[in-house]
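Both complexes shown next keep chain A, but they swap its partner, so chain B is in the first and chain C is in the second.
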Partner chain A sequence: MFVSTRNETILNAESGPTQSAPTPGARRSAAAARASGWVDLSTVRWALGRIVFGFAAVIIVMSAVFFVTRSTSDPARKMLPLGSSQEQIDALNARLGLDDPLWMQYEHFLSDMFHLDFGRSIWEGRPALEVVVDRLPVTFTLVGLALLISIVVFVPLGVIASLRPGSLTDRLVTALSLAGLSAPQFWLGAMLVLVFAVELDWFPTSGSGSMIYAVLPAVTLAFTMGGRLAQVTRTSFLDQAGSPYVTMARAKGLSTFYILRRHVLRNALLPILTIASWDTARAITGHAVVVEVVFAWPGFGRLVIESVQRQDFPVIQACVFIGAVLIVVINVVTDVLNRIIEPRMESR
Partner chain B sequence: MDETQSGEFAPTSVPRTEVLLQVDHLEVSFEQPAGRPAVRGVKDVSFSIAAGETLGLVGESGCGKTMSALAVMGLLPAGAAVTGGAIMWRGTAVDARQIRRLRGRSIAMIPQDAMTALNPLLSVQRQLTEVMKIHHGMGRAAARARAIELLELVRIDEPRRVAVQHPWQLSGGMAQRVVIAMALAAEPDLLVADEPTTALDVTVQSEILALLQMLQADLGLSLIMITHDLGVVAHLAHRTAVMYAGRIVETGPTKRLFHEPAHPYTRGLIASTPHPFRVEATKGIPGQAPLALLDDPACSFRSRCEKRTEVCETRPELKSYRHIDHEAACHHAG
Partner chain C sequence: MTDQANAPAPTRPASWRRIMERVWHDKVVLLAMLYVALMVCAAVASLFLPLDSARTPAIEQRLVAPSLEHPLGTDGLGRDVLARTLVGSRISLLVGVSVVLFAGVFGTAMGVLAGYFGGFWDTVVMRVVDIQLAFPNLLLMVAVIYFFGANVGVLIAALSVVSWMVFARVVRTTVMSVRSSLYVRAAHFAGCSRLSIVRRHLLPAVAPILLTQAMLEFAAIILAESSLSFLGLGVQPPDASWGLMIAENRPYLEVAWWTVFFPGLAIVMTVLAANLIGSAFRVWLDPRQDDGPRARADAAAQNEAPY
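Presenting the complex of A and B:
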């Protein structure tokens, strides 16, 4: 970490925050394996492989951040007043460890990262990671609510649209989901505020406090997430509807609803799940930035913007780290779920 | 065909006391892209099937035999619809909604490719028991026990192990047996088997056919056997209907139809069937089968027919040939 001192590093190394990430993940997939009745070593090995892969991905992302910042910025010059002497700059660089050879800095950087030490926030003085982690629950609340709305509203819409392709219902759902998908969030958010907060006064315009504050930002996010989800659901259900096993299920005299619920849903779920988790990851690390700024929602996304504006490098790096870890975790969870639904995944 | 080999050929007809299903002048049409009139794929098809009887429905791909069967089951694909004729179940005309209620419970289907007809994500047991739960309101344990019984009935070894397996763990022959068990689950009166052996190895084919024959005899089921394989029909069917270009061109007791084929097409079909003990090359039918969709005011077979004359420019009606229940649609028959 280029702004943290080496002393801090050593201190933190001694206090030793442990690396506990792989175990819960592995345990989860093994439990999943047992629950569905096909516990075998290959599943556990596969899950471990996924987690190792995820770690590698985080390291690569963070390394990219390291080298890009190293090659494009000169923090000592920025931190000192204009017109400071070269000696002063060198002294600060030495204090920050920036006069070390690059490989040594990189080594320290990686070591710090493994100890989850990203230095202290320049703005708040607290450990950077703590600053970021503190913001996560509010963002999770927002994205969780948006995901819930997408699943409860948009997935059924996609199913209904798939029942009669080309019908009026189908076209209405498609229009709605495409509109939601393509409307810019800053505009959509502002429109929702205008109608439901300013005109109708059902919800507060912005801010946080109780769940009522989460409704409008969550709906804004849900349009983006759900729009895509409705489209994928429709396509996936349509794909399955043409399968011989659906004709067979009908020949068995099963009702349409029963066939959808018991036969089609599970087969159609894979792409839906994949897109839903992808959208969730995107929402946390991307869409939430816009929505949280529009609605003054004090979450992770707004922290990203604030820390960039304040040039709070430790916090920015901690944000990138947390973002990368979240994406990896969401991906691993998705893969595990996919395998539970579709045990043939590996043999395919 | 087996007649030269064993002398025994086609089951003798059963007394036709109770007609289960009667199809009268069935017509199935296909929607066409905007503006163009719908085309008829199945035209004026009539047949009936009595309790305990097996009817073979023979013809080349695209002749309309599968569409006729799907129409009977009310399972026509999107864009196809019954546009004429009547379907009668036990003497009463049934509409689409009533057919839906017969489906599974009274009429069951054995599909062409068992592997894809099974839901890949559900266990064999689940796919068997749901039929009993829905149609007979059976409880979980009773349905499970019955599922094992059914798997035994279709001669699956280790039914308990197979019951918890998923379709991708089954061989083609096992999948076909499972699908037959599924069709039997609700104790239907009529089975509609659509090329049930086409996707299988020859040895497995004969096992499945033997199984169907046994089940049919033991359970007193009626069976509609759709196939392009005359050997299958010769084995199983009491009566046979030959379809060509969307119409039935000859129908009669299987034995009679094979010994004295009246329609040149039937004769051609019989001549083109390979026989393991006959060395001489099989004789094909020259030309190609026309699309069933084409609406031909003349005899559809005339372009491939050796007996063709001017009279063939008008369409022949099905009429009796030598025997009251042996009918052929050919001007030159009899």
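Presenting the complex of A and C:
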């Protein structure tokens, strides 16, 4: 949800007309840092700040979950099957400490969270966090494959579109990415199944096992991720195309391909990679949930929905926690790497 | 003074006329606007049409292929797909419009607070926005809906809570650029109260970009609503919603494609239309971004979905 502004910031910082020139001091310190092979102190301090902020964000997310759930209904009633007696509810409340005063519960909740203890899954009886973490590799496979497809297919499409803005190719690429951004994954997935699994019988309709099962879900997910990536690539390359060094290279008579590879790619790559990594975090905690349900892909997202159906609250809580941690970690790592690679970009 | 140099050109009423002219010349956007108007009419008309076939099952004519009697066929319970799609448009519109309204009003208020009053308030609002950015929105909505129960009211509330930041940020940026302009300072020195400056000068300046953002957000909300309904966390049967229709009929996909295809097409068309209008406006309002109609997909790509 938050990719856009930062992405704009980066695009502007890279090449926008509003870019402020780095002060000589900053340039020198950055150069010194690079020369010494290590980042300067201000970057370290800034990175630590980001990490602390990330931790705080996770705690606030989980606190929000805590207060929302405690304010509405008693969780015990939700967890027990319908028609359970009042004694059963009271017993579970006592066992889970839900009859303590709210501040005490909150204290317990926080201390449990720091110990990564979210209780046991009601369905499986194992620790909830373990249940969630077990599902992660399966989702990473799916999202990784989708990311690969978007980088291999959609980034080149964005480059081709940027070569001749306004041409037929550009329009087609634009239409494709707009369609990808506008189509719901559950429908796109169903249509792909209809064509490639039912009519053509190239791929299985759903399930998991070998890699062949991952193709259709990954392609579905790649449409959403790639639609954005193609556009970001196009913008990023177009921004570079107008800069003096490209004109200079052209004047020297270098071929377009050489200019793209040696000059433009280097400068345009950073925003593209940044968006790709932020979108990966978003995909894991968002779009992949829908795709996994459509294709019965036994990952993290399907676990979330299954847990809702099974009223398995500890697992839902652990899922939200893992989701928040993933987003924070991926974003912080991306931001820090960005800052190290491109010290000019002091966006915050 | 550099602030003023970088500030977007102040919005004049004339720019509205220019936009209308451009809409007329850009047939794609015109078409998109006609589609949205048609959809609104259909949603309103569906309140008065006798659409009993949308809710009453008729087992003897289940999964009938598209024909004259049932232009889009019937679903797994023998209900008319066209009727259900029409009824479903109500929910999409209701959720889309109310979330944009709630999130837009609250987000605008926060944006003005941060952008105009600045200082402490700016820090507070922007911190809250930053923290919300780390929220796994879909997961949070799942948790919230699980506890409050799945219904349209909860859906609207949950989506509003996760979408207001978009508006707050857009409004804040615009307000900050207008704040230092000559006419706002003149109004201040003429003794206008802050509230009246906000009302008379800031809000009109924010209006066009706000409207643009609302359109893009509307598209994102419709996608989110249909996804949540598909996951069983939004509209509940026997009510009709596009996402729910697809969830209900997925088992029949192989034998009756029309039950899944048409509700999905309705979603795609609506989201696409809103995206096209919103991004075209965004490009037209921002002279720096204006490198022809092709830039608009870029604006859509930069928009944020609630999950």
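Note that in this section the second predicted complex is superposed on the first by the 288 of 348 C-alpha atoms of A that agree within 3 Å, B and C clash if a C-alpha of one lies under 4 Å from a C-alpha of the other, contacts with A are read in each partner's own complex, and residues count from 1 in each chain.
The definition used in the following text is that contacts are C-beta pairs under 8 Å (C-beta built on N, C-alpha and C of every residue); 3 or more make two chains touch, one makes a residue touch a chain.
Everything numeric here is computed off the predicted structure, so don't read it as measured data.
Applying the stated contact rule after C-alpha superposition, one finds that A:L110 touches neither chain B nor chain C. Judged by the touch definition given at the top, the superposed model places A:R282 against chain C, while chain B stays out of reach.
Partner contacting the larger number of chain A residues, of chain B and chain C: C. Of the two partner chains, neither chain B nor chain C is touched by A:L163.
Residues of chain A touching chain B in their complex: 243-245, 247-255, 258, 262-263, 266-267, 341-344, 347.
By the touch criterion stated above, chain B contacts chain A in their complex at residues 73, 75, 100-105, 108-109, 111-113, 116-122, 130-131, 134-135, 166, 168, 179, 182, 185-186. Remark: chain C residues 6, 130-140, 142-144, 146-148, 162, 165-166, 169, 219, 223, 226-227, 230-233, 243, 246-247, 250, 253-254, 257, 260-261, 263-264, 267-268, 271-272, 275-276, 288, 291-292, 294, 297-298, 300-307 touch chain A in the complex. Put simply, chain A touches chain C in their complex at residues 1-5, 7-8, 16-18, 53-54, 56-58, 60-61, 64-65, 68-69, 72-73, 78, 165-166, 170-171, 174-175, 177-179, 181-187, 190-191, 193-194, 198, 227-228, 230-232, 234-235, 238, 282, 285-287, 289-290, 293-294, 304-305, 308-309, 313, 316-317, 319-320, 323-324, 326-328, 331.
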